[in-house]
Amino acid sequence: MSYYGLVDGSDASLKGFLKTLSGVDQVGADARAAMLATRSIKTTSKRWAIDTAISMVDLTTLEGADTPGKVQALCTKAVRPDPSDSTVPSVGAVCVYNDMVGIARQHLDLIGGGHVGVAAVSTAFPSGRASIEVKIQDTKDALDAGASEIDMVIDRGAFLSGKYIDVFNEIVLIRELCGKRAHLKVIFETGELVTYDNVRKASFLAMVAGADFIKTSTGKVAPAATPPVVLVMLEAVRDFYAMTQVRIGVKPAGGIRNTKDAIKQLVLVNETAGPEWLTPSLFRIGASALLNDLLMQRMKMDDGYYASPAYVTID
Amino acid sequence: MSFEYAPAPESRSVVSIKPKYGHFIGGKFVTGAKHFPTINPATEEVLSHIALAGKAEVDAAVKAARQAYTSTWSKMAGKERGKYLFRIARILQERAREFAVLETLDNGKPIRESRDVDVPLAAAHFFYHAGWADKLEFAGLGTSTKPHGVAGQIIPWNFPLLMLAWKVAPALAAGNTVVLKPAESTSLTALLFAEVCQQAELPAGVVNIVTGDGSTGALIVNHPGIDKIAFTGSTEVGKLIARAVAPTHKSVTLELGGKAANIVFEDAAIDEAIEGIVNGIFFNQGHVCCAGSRLILQESVAEEVLDKLKVRMAKIRVGDPLDKNTDLGAINSKEQLLKIRELSAIGDSEGAQRWSAPCELPKKGFWFAPTIFTGVTQSHRIAREEIFGPVLSVLTFRTPQEAIDKANNTPFGLSAGIWSEKGSRILWASQQLRAGVVWANTFNKFDPTSPFGGYKESGWGREGGRHGLSAYLKGVGHE
Amino acid sequence: MSNRIDVKKTYKLFINGAFPRTESGRTYEIKSAKGVFIANPCQASRKDLKDAVVAARAAQPGWNKASAYNKGQILYRLAEMLEGRRAQFVDEITSVTGVTKIKAEKEVTESVDRLVWYAGWTDKLSSLSGALNPVAGPYYNFTIPESMGVIAAIAPETPSLLGLIDSIAPIIVGGNTVIVLASTKAPLSAMSFAEVIATSDVPAGVINILTGKKDEIAPWMASHMDIDGLDISGLAPKTHGEVRVAGAENLKRIYSFKSADPGRILAFLENKTVWHPIGL
């Protein structure tokens, strides 16, 4: 693989490349994210943002208690989030554990949701603590069951102990497994990487290794997709595009629970990576509760009344 | 469809502007003799008519201030004086939205800045100084605990309410009474502040506000009944004031112009540096004496920084100052716009390369697109003169010493910026820079506890902190 | 009665660590209180002032960079050298001013002690006027006193030695360099003090001493654009106004003092406030 001509796959070249990245000043990044959070999105732009956000949702269930019934209900909701309003777009994908991939794919196809992707969390999600063989098998299972997107976690232990090449090689391996069958999203668990310098470093490492998307978090660790973390990742994909002319997607996941949070994310995208990223093929929001809040806000905008949760489905 | 932000204007209904204003003297509003219009620079709409104070009004204001000083304020215990300042701080917080909207209407600055910076900081200044009023014996710094008496204060149009707070709060805390003159084009928030003084039941005459132009300012500067002059404005006027008071015993503080260097080293956190550059020169339309108006880039990163800066500048939202999403508002006056245009034209004629962010400027009002000039050298006038607008001159350097030499190669010395991720280099550069405020990995930050003021021709004295307070107390051992 | 002829000293200026004659070639006559000729000190010109400013400017960064400890030791060294030459200063003061020997001794003693007092200030100024400012945000924010640059001073006529010390020491304590115009009528102690300086590890150009006429030199000091501050304690109050007007051209900091206190040191220091974010 060429790795965009940025590294040659050796430890030394990877380390050398990562050293060229500029640092991130935490206070400055926080301030920029906070300033963008003051953007006031109203009327027509709010309506547009709500529909765009819905189409970007990776509707997620990642629980030990997941069952086929629960996943099928989720898929139904994903295809038609508001049964009473056909103008509401489908979400981007459903996101499930790998043993639920087949069930999800089958059910989506059955109900006319062929356009909705199935994302499988992989590589010993959420901790990433398993042998490489297990991680490979984990991914293969998901692909074989019809996953169109693989959300892999990186080995944070390796990253934090400076074994960047191990993290890199794992991503390369999973990338090869995905081939053309599936998009690869690489999850950093930014709450465990802690510093924005690490987030920037992980972003470039994953992009060079072949990620199609970089994703903040598993949803199992807080803090997750905070605005400044997403800002730093959006700056990384923007800079990577400047180097390679390749656009990598970004997926914040975890902690985005209401319309206001989601719109803040879209503002970050718009003013950081740029409007080219405002499409489900380059920006996804991993969430579950968010979808209903978006639907309620949409109802409020349509009929002028504040909505009641009784009018949105709980699936 | 792309993500266009629909207009999100802040409501004007929170303010009520009178068709005509007088002066605030001795605790009462008194009618002015002559008036001039004040306009909204974003629309050229006439907002009101402001009184032009002449000798009679200035005399009356000084007399009221002297009387209040002698009979009330100088006799009052510090802890009681402080309570009035605390009251003022609280009322400013209570009426924050009203002040923000009025400031934006009168000045042209974005509501986001008046709401998030000017007004909260003004309240913070009163709150901070309130606590000093009964602790003057601990102010130290070779000053006594004695106030000067009557302070004449002349403030600029770029931060009308905030500069009022910087002046009035320490003066009152130290026990002086004041005669304040807001800038000709931005009197409205000062006049609203007069109402705050009334609500706070501040004794009559402790704060007097006379409106007018430079002639009113000159009357204050030359008034024999005034003991202390505090001025914020241009270096040119500052020198006139320094000469005018030279033969007198008036104490003087001056906050004047600047041409701050913002130095970006190659190891900087580039994205935050870009934000710092933008904040440095485009905050408040560049109408900031400490604006980072000279960007000094290490050659090895110059191209990268300029490319990113242009991308970022293209995202600056220029337009209706009342829109909550506006980043860059209106130029404060036609006169200032002409000055910015003139100096920019000089930049063109001297061979610097102009680039302006592509943005649509409103038809009415005074506007100037965010602009940078590249290929600027120390010999260019746009590298030496204060433009006081959204115009950045870009220079480059090869070694750290060269950066410092260029930064210091100016008669000004108000502020400077450093961008580097290397601690020892930051501390070295901060020592070398001849400037009163050095922002390292940040820019244009202000706080009432933090002394602000210039070296060299950027002024005399500090504002904020213990150092700022001392300017309102008599010196010990000085004649 | 000895018939030995005295070896008399030619009093010169002190600029950049050397003892040049005035470029103008002018001198003026100093007589004792009893009217006996004592010396022909230099009547410095504006060009001598110009040269002294160049020397002071060149010396300033180096002096400023010296550690506070080092500056303190050098100032203390001045006191040591002065102490060792007490007799000479007592003689010069008595002969020129006609004061009693006891009074002259008192002045020299006070001068030595004053130097020691100033020497101890070098490493305490930032405790006195520095501050760590508790700003409302994630920033480390401090204010420190810093040297202002090149300061000129006009020493009072009397006391000629102690007044000179007060015109020099508080200025250089914080890293400034100085050009001082000595007492016109009693310049001998100043020129002898230059010899103390020359033997005290004070780097060349840090202290420059001129002798001459106040009304001639003061306006040039006030209008010189490369002088940052001016101590006019030795000028008649009635002339302060015009000096301040001239000094406004570059917004020179101009002060007059009545006593030796820390405020006198701080007056010729700038305050620098530095901000830096606190983050991971």
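Remarks
Should a chain be cited, it is by its letter among A, B and C, assigned in written order, with residues numbered from 1 in that chain.
Note that in this section a contact is a pair of C-beta atoms (placed from the backbone, for glycine too) under 8 Å apart; a residue touches a chain by one contact, two chains touch by 3 or more.
Just so it is clear, the model here is predicted, and its values are computed rather than measured.
Greatest centre-to-centre distance from chain B is found for A, with centres as Cα means. Chain pairs A-B and A-C differ in how many C-beta pairs are in contact, and the one with more is A-B. The geometric centre of chain B is 37 Å away from that of chain C, both derived from CA atoms.
One inter-chain figure worth recording: chain A and chain B are separated by 44 Å, centre to centre, where each centre is the mean of the chain's CA atoms. Taking each chain's centre as the average of its CA atoms, chain A and chain C sit 70 Å apart. Shared interface positions of chain A, defined as residues touching 2 or more other chains, are 25, 27-28.
Along chain C, residues 139, 277 each make contact with two or more other chains.
Within chain B, the positions touching two or more other chains are listed as 441-442. Chain B meets chain C in the complex at residues 124, 140-143, 235, 238-239, 242-243, 246-248, 254, 256, 411, 426, 430-431, 435-442, 445, 447, 449-453, 455-457, 459-460, 462, 465-467, 475-479.
Here chain C touches chain B in the complex through residues 128-129, 131, 133-137, 139, 141, 143, 146, 148, 228, 233, 237, 240-242, 244-245, 247-251, 253, 255-264, 266-267, 270-277, going by the rule given at the top. Contacts from chain C toward chain A in the complex involve residues 138-139, 277-280.
Contact residues on chain A toward chain B in their complex (touch as defined above): 22-25, 27-29, 31-32, 38-46, 48-49, 52, 232, 235, 242, 266-267, 270-271, 275, 278. Put simply, chain B touches chain A in their complex at residues 1-8, 112, 116, 267-272, 275-276, 307, 315, 324-325, 421, 441-442.
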